[in-house]
């Protein structure tokens, strides 16, 4: 074989510098035109400038493509710009939300807020007084109790759909899907009607937890069904061929095999309900003091705490509300990252 | 569903009928009249499940039926509690737009009508779709066909995080950060397009209007619609796409010719799911909307309402009589959301099956 | 050299003729061993999936202490047939069958039989090795006991004997507490064999146990099969004719002409490979089709 050199890889389909010149010219022109429009028209401010920029860039790129090729290309350019803009609009809100939560919540954040409640402090008092201990404990309670109720029901539902597959399976799957669309306030109204009106109980964390359980069951059921469907059927067959009964095959082979996925399903459910507000407003009462009894008496939770402070509206109360939001977001993001971490780890097993 | 976009490797709506399955209990396989006279009849196979398995099946079946039971109970209790109100108001409950708490001393009878709230719910839902739907579809197209590889994963992460943000966070953010900007834009819209009735303003109060509520809801439903739309676009058959390119199509004409017609049904289903979420949203709407029992078409004005936020608004001070009316409202909201979700899932499942 | 290596050499030298001589060499040695009470008999078996007739009137008597290979092209119902033998066929929703399967004179499909007990006596090894991923090697082998709630006085002894019989003991005796997934494909399959042995079946069904394995593991498992046949009845479905010749005493040839699968011929392996009675059998074993 001759020692001819191998040619270097090139991408002849990319744009050369000469071909890109019109685009660069167009970009500069867009900026100049936008400045001009903003300077001479009532459109002012950052938003005004951005909006003008977008519209002008649509026109300019359309013109360039139209001149360079044809009408179809012009349409293509317009749509490309708009689609890029759509992509941007999706990212912007999140950036803004995270930034503002951090900026506004940090002022009230201190170690002290995790050790005191608002029993003796008014919402309007300076930020170094009082805290959200009662809210944190409340959230803990309701999440725990909701999990205790919803996880067995959710997993039993998914077992029914994957193991027993009775004639009602299609109907049940349909109803679980329907249940995931229940507005959270309806769940709250229902628990209020049953637990408080019909059975005559008072506000409590337990009532709030039941409302959350209703919202949590569909998430747990649907995710665990997906997980169980992934277990290869020959594991089940091997267990049965060994002479196992159905329940032992499920308990000893299938559920352990699906372990990490099921845990993910549970955490997904928790993250779904941890931030819910509306049902709590109807069932918990919104106490200011720490209530260690989840089954009796007014209780609060973090979303409720935020709500109360927001409703008051004074400067310090609003600052407290933002701090509460910051704590809530940290909790939700924690669970979110946990599910991601577990899901990625599962892939390696 | 509101989730974190955990994608498991298979996600098929169809059911695999040939996978292993228990036929324990006295199941019977029906006798078939044999075509060829020499074939023996099929045997009836019975098994006697062990007691432990019987218990297992009973427990699992009970758990499985619980969602049906819960949905049924919800309908039952709300209907029962609101029944008197339905009976006394009749159809006017839905169409009337006065909400008068009875004051027996002053001789004022009760009058409950959620017509204005239903109207408001629809209006803000439509506004939410108006802004949210194009952005979602655009973002889905961006992720599927335009985005560079390094951008895809972070952006999907962003969308999933947005889906996880609690609604009260949106409420606060909407009130403090979005509303000032939205007011500014509302003023501009009114200034230049005020001749159109819906942009007219009987009084110059721009805060807490259906417009702003719709904007907040739009941002909240973008993650759902984008996720579903992306999944649908991902199912577009590759050979059709390549055929379009081979015929000389630009990216946009390819999308118009192949992707959108193929995914139309599913995308609409996704939009309906988003709408369903918007309709049921309570707290985020409550913070940015001023509840007024009146049917208006001026969306920029600080007056509107939605059924969900009204319930929260009135709950605190409601006497037992008014509570029944709130239960009735909840029942109506429940039915409407259920209907929209049924329809949306039906459309999505049907298009998935056809493809 | 061992019988397996001898087989290899012979098959390399002269493919067609050597199959017959290999079969002869093996089955003559085993003809003497008939362990009473471990046999299984299939009588007039039919099978359907919905309305599709997939097995037509198959009757085979599997003698105790023998290895029977079921050969034939894909899709003629061999796997379905052995699943009827241990009552796994009925898990498929549209499945139906007719005929009888007799163990020690009793039909396993008789109403009122305890199905889980049946399966304890008839073990199964699957095509793709499937050790339970959440269990260690030791737990995998003993899993059958837990699944069927069997009490055994000395678990360690049983563990060792099963692993020895399946030829895996020397390789794993120092890592019994590792997870089953860490083993190679061939080792995993032998682990599955050991697992099946732990519940002491009299019949062992094997559905193409070596088709997912490399040739070296295949030969080792065939050794295991020969050794196991001294204490139980083995029925093995295989696409590999050389394997059938190497390993089995009797062979059954299945064929489907587009309709249901039928048993064309079933007799001693020597006969099937050297003097088959049916032309179709001869065409298949000489490689003219299939």
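Per-chain numbering from 1; labels A, B and C assigned in written order.
Please note the rule applied: a contact is a pair of C-beta atoms (placed from the backbone, for glycine too) under 8 Å apart; a residue touches a chain by one contact, two chains touch by 3 or more.
Because the structure is predicted, anything quoted here is derived from the model rather than measured.
Set against one another, B-C and A-B show the most C-beta pairs in contact at A-B.
At the far end from subunit A, in terms of centres built from Cα atoms, lies C.
Rounded to a whole number, the gap between the C-alpha centres of subunit A and subunit C is 52 angstrom.
In this assembly, the C-alpha centroid of subunit B lies 54 Å from the C-alpha centroid of subunit C. Taking each chain's centre as the average of its CA atoms, subunit A and subunit B sit 15 Å apart. Among all residues of subunit A, those that touch two or more other chains are 237, 245, 248. The multi-chain contact residues of subunit C, meaning those touching 2 or more other chains, are 91, 116. With touch defined as above, residues shared between interfaces to two or more other chains in subunit B number as follows: 20-22, 50. Remark: subunit B residues 17-18, 20-23, 29, 32, 39-48, 50 touch subunit C in the complex.
Partner subunit B is touched in their complex by these residues of subunit C: 44, 46, 48, 51, 53, 90-99, 109, 111-116.
For subunit A in complex with subunit B, the residues that touch the partner chain are 42-43, 45, 47, 72-73, 75-76, 79-80, 82-87, 89-91, 93-94, 96-97, 100-101, 104, 152-153, 155-157, 159-161, 163-166, 168-172, 174-187, 189-190, 193-194, 197-198, 214, 217-219, 221-223, 226-227, 229-230, 233, 236-237, 245-248, 250, 261, 264, 268, 271-272, 274-278, 281-282, 303, 306-307, 310, 318, 321-322, 325, 328-329, 332-333, 336, 339-340, 343. Residue ranges of subunit C in contact with subunit A, taken from their complex: 86, 88, 91, 116-117, 119-120, 123-124, 126, 128, 130, 132-135, 143-144, 146-149, 192, 195-196, 199. The residues of subunit B lying in touch with subunit A in their complex are 1-4, 6, 8-11, 15, 19-22, 24, 49-50, 52-53, 55-57, 59-68, 70-71, 73-74, 77-78, 80-81, 134-139, 141-143, 146-147, 155, 158-162, 164-173, 175-177, 181, 184-185, 188, 191, 219, 222, 226, 250-253, 255, 273, 276-277, 279-283, 287, 308, 311-312, 315, 323, 326-327, 330, 333-334, 337-338, 340-342, 345.
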